[in-house]
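Should a chain be cited, it is by its letter among A, B, C and D, assigned in written order, with residues numbered from 1 in that chain.
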Amino acid sequence: MLSLESITKTTQDWLFTKFNPQIALTLECVFVILLAITLFALLGLVLVLLERKVAARIQIRLGPNRVGPGGIFQTAADTLKLIMKEGLTPDTADKFLFNLAPFVVMMVAMLLLAPIAFAKNFQIWDINIGVLYISSVSSLSVIGILMAGWASNNKYSLLGAMRSGAQIVSYELSAGFAVLTIVVLTGSLQISEIVAAQQNGWWLFKGHIPVVIAFVLYIIAVTAETNRAPFDLAEAESELTAGFHTEYSGMKFALFFLAEYINIFIVCAIGATLFLGGWMPLHIGSWEAFNHIMDYIPSSIWFMGKTFFLIFVIMWFRWTFPRLRVDQLLNLEWKYLLPISLFNLLLVTVIAIMGWYF
Amino acid sequence: MYTETEIIKDTTNLGPDGELVVNMGPQHPATHGVLHLVVTLNGETIKKIEPHLGYIHRSIEKMCESLTYRQFIYVTSRMDYLSSHINNTACALLIEKGMQIEVPERAKVVRTILNELTRIASHELWIGAMAMDLGAFTPFFYAFREREMITDIMEDTCGARLTMNYIVPGGLMYDIHPDFQTKVKAFVKQFKEKVTEYEDLVTGNVIFQSRTKGVGVLTTEDAISYGCTGPVARASGVSCDIRKIAPYDAYDRVEFDEVIETAGDSFSRYMVRVKEMNQSIRIIEQLIDNIPEGDFVGKTKNVLKLAKGEFYQRVETARGELGVYIVSEGATTPYRIKFRSPGFSNLSVLDHIAKGSKIGDLMATMGTLDLVIPDIDR
Amino acid sequence: MGAISLIALLVAAIAFSAGGILVGKILVKGSCNPQKGQVYECGIPTTTSPWHQFNVGYYLFALLFLIFDVELVFMYPWAVVVKKVGIVALIEIIVFIFILFMGFLYAHKKGALKWN
Amino acid sequence: MTNEEIKTYITAHTPEATYDEAGEWLTILIESNHLKPLAAVLRGQPMQLDFLFCLTCIDYKTHLTMVYHLTSTSNRNINIVLKANVNIGDPIIETVSDLWRTAEFLEREVFEMFGVDFLHHPDLRRLILEEDFKGFPLRKDFEDPINMIKL
């Protein structure tokens, strides 16, 4: 069966037999670069279109439907428009930081791709501290936002950046604790092992209520971490026009925009990996026939399906809820989510030690 | 622009606590028009709000002084463009009162129905826009679905969708469209079915409630002292419905309740408007089957002349009490005309009730005051 | 692939961002207008600079976060071995979280989480 | 309260007031220097005219007239129009914004449109017009050759 696993394996074997190891590695790097860029571009196009279609669906309208069949080229046209826009830098801005910020945001988004298992054995770097790596790198994104907001020398940007600083770091904790529950259950930080541990069932199903709580906490926390409504205070357009990226235009704005969507994809992919088994097909106990049929669906489809389901949930939030106020947002985290997370972690520990999971 | 030293120098004109002065508007997504607020912030907390008006001032009052009594009505559609029917009604009523023109029953009833439809349309737009201020985009489209039906009815009847200019001194400009009654009934039916939808989406929403309850509280005394009218004052427990106090047109023969809430916060302002829409539907239901036959316009002279004296007419627009005050010297044009616009007084309360709250609260407060800038600026 | 993939990804990110911006720069001929250099403040020339002391409210949350985040990092190694160590690990983490939570309650009591 | 009762009550406090009952509502005419005490009387017990629903000015070319429309929220049947003539060359009148807060904005509007100076107003600045605007647009002698409609 042709799978991503076999393709990568054949390519690697072929490279290493044809060239000496250094050149082979370099070529592999070039492949990774090309693939990553393609993935970025594709994800940007697909997710923005998906967002607009989901929004339209919820808002009883059609959404983009003129450019290409069903409007599928709409985002491509939008990207073209954004490229053609003039990128302005305010005279009073800190020009170096102003121009650096989109790069930082992009780099963080890109680095997060490394440990994600897109399919069976299809992973850029199966780092043994994968979960920790994700936690640490994802908290860097706030630096890009703070940089953008501060360097713009714009009051809305500054407020937006300050808000998002407080917000992202706060929700980082809940997300961290939610991830920790799975680490406790699995006993490993490596993504491939976490996925392998879900061979006979996804953690969401076999981990009892604490894992469900952790899952809910995780979804809430990452919605806030990616600055999505109802937690989109950093760019609350009715309050701060466009928040931290008010001054950005053209391609620099597009990079922020793209990074936001890539971040959504990444957090959803991690959520799918930790709680929904990543690329692992749906297996139910002893139903051999059912499990066998499920195995026929390629692992990449399983992974993408789960990820896009979570993305849809997050989009659904955005188009249903009003925005929270900044103090309510921080109250929610510090007064409710954080104590619940701590307590939940203890609960999971008990379950893990007692072996009360399937 | 600035050099570095200049920026450092610039900080000297800050307040002692390092307050931040931010301009909100005229090009701001939440001011819904060209309202310019200079907001002094301390962190996220609002210290002071200073409205700067006039970006859309057309000096309608001055303009009306050189327009005849038939002409100036059309200018008033451009004041509060969401209540243009009601503005026109106010002017027509004033001229009818000044010249003792008999208005046919048919015209009175149709005017009342159209006024209530306008009120619903205005509140629908407001619900959508306010929800958008709070970051919820979806209610806007749900509200516009019903509003679209009203604008269609208006288009059939008046030929216009926003600035109707359908009401003339003495009655109506033309008779109603033959389909008017069926269309209005269809609207009433649909509205009753669908109104629950955005109540589910907005009223019951936990985040919406926490954003609006206890936010921008306007006490009864302040509401009276600041001259607030309409839903803003009624949410603070002030009974101020002109339709009850000084009934005009067919309001004296219909049954409806004046909606009064007592909390005075943004949420009760929201509730007043939602309940008011239901009352408007009630009024329409009572009248739509009983439109009397007969003339649609009374006998008037070609050239209207008000007797020397002063005239004042009040009506209840979707935003509150609109007063038209005319000083006549007996000529074909008014000597002095003054529009007492509800939005102007409602805006003046903004600084008072939003002080000390967060920027996010300002959006909730401003949204529920339902400001229409052309109405404030005139 | 090993750690070298990170360098590859960084290169990819820079290439992607710089490529996009450069293409824009090449294709677009910007017009010159002094007003384009002004910061956006709803169309009104901005009067005061935002680069000055700012309300402390946000920083308190950042400080609190620092404490918690460091603790969170301590928990990762613990989480990996908790199943092997067993009940002792549970007791230890209860003590750990208890102390942490006390600190949190203290901060709460002091009003660090309140907005002026 | 009937009009007669109101008249006797006001005359007791302010003998200078004259009355005009030609219009829809009772109109009280007063000199500008007596306005503030009378307004305070009307605002207080037992009249309790706590709702100033319209404040404006009329330019009669020879003089300006300030017009205050008052009503009471406890008794909506009482409506009183208060008028005070102001010298056009030197228009100064006492503010009523401490009695009715709504007057604060309305007086600012009158200030820039008619040039009436309100004494003791807390914040008498331009609200609508730009800072460098010349003239008082709603006065009869105001001419704007470019923007005005003339029929």
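One rule holds for everything that comes next: contacts are C-beta pairs under 8 Å (C-beta built on N, C-alpha and C of every residue); 3 or more make two chains touch, one makes a residue touch a chain.
None of these values were measured; they are calculated from a predicted model.
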| note | Those chains that touch chain D and also touch chain B are none
| query | Two chains share more C-beta contact pairs than any other pair here; which two are they? | reply | A-C
| What chain sits nearest the middle when you go by CA atom centres? | B
| task | Between chain A and chain B, tell me the centre distance in angstrom, where each centre is the average of that chain's C-alpha atoms. | result | 44
| task | Express in whole angstrom the distance between the two chain centres, defined as the mean CA positions of chain C and chain D. | result | 58
| task | With chain centres taken as the means of their Cα atoms, state the distance from chain A to chain D in Å. | result | 63
| query | Considering chain A alone, which of its residues make contact with at least two other chains? | reply | 91-92, 155-156, 163, 241, 327
| Where chain B touches two or more other chains at once, by residue number | 1-2, 7, 20, 22, 28, 44, 358
| field | Contacts with 2+ other chains: residues of chain D | value | none
| query | Where do chains touch, given as pairs? | reply | A-B, A-C, B-C, B-D
| note | The residues of chain C that touch chain A in their complex are 1-18, 20-21, 23-25, 27-28, 30-31, 36-42, 46, 49-51, 54, 57-58, 61-62, 64-65, 68-69, 72-73, 75-76, 79-84, 86-87, 89-90, 93-94, 97, 100-101, 104, 108, 113, 115
| task | Over in the complex, which chain B residues touch chain C? Could you list them? | result | 1-2, 7, 10-11, 13-14, 18, 20-28, 36, 42-45, 358
| message | Quick check on the complex: what are the chain A residues that touch chain C? | response | 25, 28-30, 32-33, 36-37, 40-41, 82-93, 102-103, 106-107, 109-111, 113-114, 124-125, 129, 131-132, 135, 139, 150, 152-158, 162-163, 165-166, 169-170, 172-173, 176-177, 180, 183-184, 187-189, 241, 246-247, 250-252, 254-255, 327, 330-331, 334-335, 338-339, 342, 345-346, 349-350, 352-353
| query | Within the complex, which stretch of chain B touches chain D? | reply | 51-54, 57, 59, 61-63, 66-68, 222, 224-229, 238-240, 245, 309-312, 314, 321, 323, 325, 327, 335-336, 338, 340, 344-345, 347-348, 352, 377
| task | Can you check the complex and tell me which residues of chain A touch chain B? | result | 55, 58-61, 91-92, 155-156, 159, 163, 229-230, 232-233, 236-241, 319-328
